[in-house]
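Multiple structures are listed underneath, in structure tokens.
Heads up, the next two complexes both have chain A, just with different partners, chain B and then chain C.
Then we have the complex of A and B:
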């Protein structure tokens, strides 16, 4: 970041970027409500709702029971009747319980009512593995990408979390906003002024000439680590694209990059079968008229253990990405 | 003797902390067990207490500043008039206790 740009930013924790975006949007739009487990006085599992309850009160920041389908159902109904809602699903695994109101009601309401009913709900949820085992570690964002009417966003930095959450909270349809357990220890520069990112715009976070690497969320940091190792160990120049928006997917930015580099490796923490990488590679083939040289990197096709050794074996890491890129370019 | 007060660690997942508040001002003496400074991590507050009485001489990072685990935050000395050196390299670490809440 340039000195001029940095002058208009402040370094904050990832959780603070979430809280700041919410506080600003709640002040801007009195219809916006926050619903979820421990979002009230407790301030959120990762402290990302800190300060909202004290400022906006019980009516607008509501603790909910452990009943995800009910929570999202209430959020969808309130949004359909003129509110905006952010519903916090603590871990993405639990979103499975709330797919009916999200997929069958929120995502289809506009179509079903000929455009008369909009459901401006943001389902914010935390994905990813960090020592919590088979049912608290999953990344199911690719499931969401196939639902017409759903917008799916996944930031990798505090600045993008701030800008994308604000965009989500101003969007007129349902949004799944996905952060990651391993993003919460991070901090970063965030603009001091109001900053809304466009939905559907990927970002080239590292320029390169030999291969394009796409990723989203926490895995962008693994991609950047691998890119540095590729440069140092093999003289391979990797361009890294942070997808930021999974639905809609910014195929234009990806295709333009692959047209320059001639090869793509996708990286994701979710399962590879019918995953983000499969979708990207096939769409590239359609756009380019031929399949580019391509490889996908992801976890093993296995549940994530709470045993840290087995968790590490399951998850993709920089070493696997480096190996996949080198093999592809051999 | 002169001491450097370091950001304590290791703390899980934490590489850098933000200084929340100093509870001792330059020129004041820290007593044994006194709260010297509070630090913020992504999810916790860290209380840093003196394990040796000493005079706080200079604060190297003010409230709101970010500092890495293991980096110096302040200089202290046994006597209030001891001359401070130009380099921190040879200084002893200030004995401290810390608690992550």
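Then we have the complex of A and C:
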């Protein structure tokens, strides 16, 4: 990290990376609006909007009634008339209330109008479990991946949150940007200069030779923890890929890795049925002409309780990933 | 042409396009505006060119009322590449934003929050444009209307909510779907200006819309206009009509076109021969539109993957 710092980075929190990307893009695009619950002077549930209201005012950083369909619908309507908007949906569970304007309209507007309309909207939402129970914990990004026209991004580090949010705010179609409750307290080196990541590019975050592990968002950190344990406990060299972009999915990077390692284990916090891992494994089979050795690791097929014992039992962890990798490679 | 005659002609245009469309079987699923022409035409007569109109899936009337090229609309309805949206929209998704028609959204009540967002864009642009959105009585029971009214009233958005109350959600009468009556009273808790009017009288719709729009342009915030109308066809081209013959006959007796023509005749502005000539001219224009559309190609199948995202 010290070398990176010397090359022009600063260590900041994940929430600060979000706020910085937004502040810079709001300064760059005077039309850009931020809408949502508690995004104003309060600064967001995870302080990820801190400073925006003070700098850009009521007109551009607007608290809204707790009405998610209204929030996204208003954002989509403004975006359709050229006023790029970021809408904050506090928890991804609540995005279910707002799927009509996002899925039925925004994702289809450019297509259905023969290219007359573009809807540059970013729906930023926080996924994942942290003690809040069955309707405040879900990861439904796989639902979004199946909607043609939607871009789905899920960073795991402050640097990627910064670079991907800037990319989302310059994209001319609808984007679902997913962060995670457990990411906000994390810090990391972020470039000091303007830095826009490409959409649709995964990243090999740990090189390895025996197995490929894919993940996104907070689970990337679990994957890295498991990779260290695999090396230490079993001498297994795991390559870890941070997907970063779920739609479009960077199958090229994944397939190249699996061509080297010969096996893949996918890790996600969302449900495994029709999940990110299922999609990756099947696409790999299509690309490679045969199914690679593959396993999926995810939560139990059960709601996520707010009870810490039951939440812990439901969620995937490094131990489960280690066990899945060792079983696959037996 | 004096304005009431121009409005009559626009209503005849909508009726004629739909009649010629109904006479064919090669155009798939349609929701017709026949009977409800006065709502869209009266409203559009009160809009400025830079305003934006959104409609529900019952969009043929609103699109033509807003002044879209009838030939391009007809081509769109027939799925031809020369259509307004290259044949990809059909009736349910017609849009031409640069002509002031942000367009249709087929999910009932789904257009309301979008309209509020469009109104926010107009308010921020500060050029005096407003947004009007047409929706049916069926949308009034949806939460989206109440979310929209609350947000629009809070932010004093330049938004005119136009409820085209044809009295039926497919088969369910409004009295069995809505506890509130008249529907314009829904706007009262939000402090919005509102009115309930006869939506079969194009001049009444025009006057009422113009009055509410003047208030909106003056910064008064959103307003709600309920237009009581009649749908003279079944809900869609694929739906059977559930109304009894006497009820349908009573609805047809309220025809907004016959009413406007009779008024103009009474005023000595348009006699029977002149009205017949107007109908003939429109019929010929529409027939030319269909001929052009028939001669135009369907989209290249590769268009199925274009403009996604």
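Points to keep in mind about this one:
Rule of thumb we're sticking to: the second predicted complex is superposed on the first by the 324 of 330 C-alpha atoms of A that agree within 3 Å, B and C clash if a C-alpha of one lies under 4 Å from a C-alpha of the other, contacts with A are read in each partner's own complex, and residues count from 1 in each chain.
As a convention for this text, a residue touches a chain if its C-beta (ideal position, glycine included) is under 8 Å from a C-beta of that chain, and two chains touch if they have at least 3 such contacts.
Computed from a predicted structure; not experimentally measured.
Judged by the touch definition given at the top, the superposed model places A:15 against chain B, while chain C stays out of reach. Shared-chain residue A:185: touches chain B; no touch with chain C. In the superposition on chain A, contact is made by A:117 with chain C only, not with chain B. More residues of chain A are in touch with C than with the other of chain B and chain C. When the shared chain is aligned, chain C comes close enough to touch A:74, but chain B does not. In the superposition on chain A, contact is made by A:46 with chain B only, not with chain C. Comparing the two complexes, no residue of chain A contacts chain B in one case and chain C in the other.
Within the complex formed with chain A, the chain C residues making contact are 52, 83-89, 93, 95-98, 102-103, 105, 107, 110, 112-122, 124-125, 143-144, 147-148, 150-151, 154-155, 306-309.
Residues of chain B that touch chain A in their complex: 13-16, 18, 41-43, 66. Contact residues of chain A toward chain B in the complex are 11, 13-15, 46-47, 184-187. Contacts from chain A toward chain C in the complex involve residues 31, 33, 59, 62, 64-65, 67, 69-70, 72-83, 85, 100-101, 104-105, 108-117, 148-151, 173.
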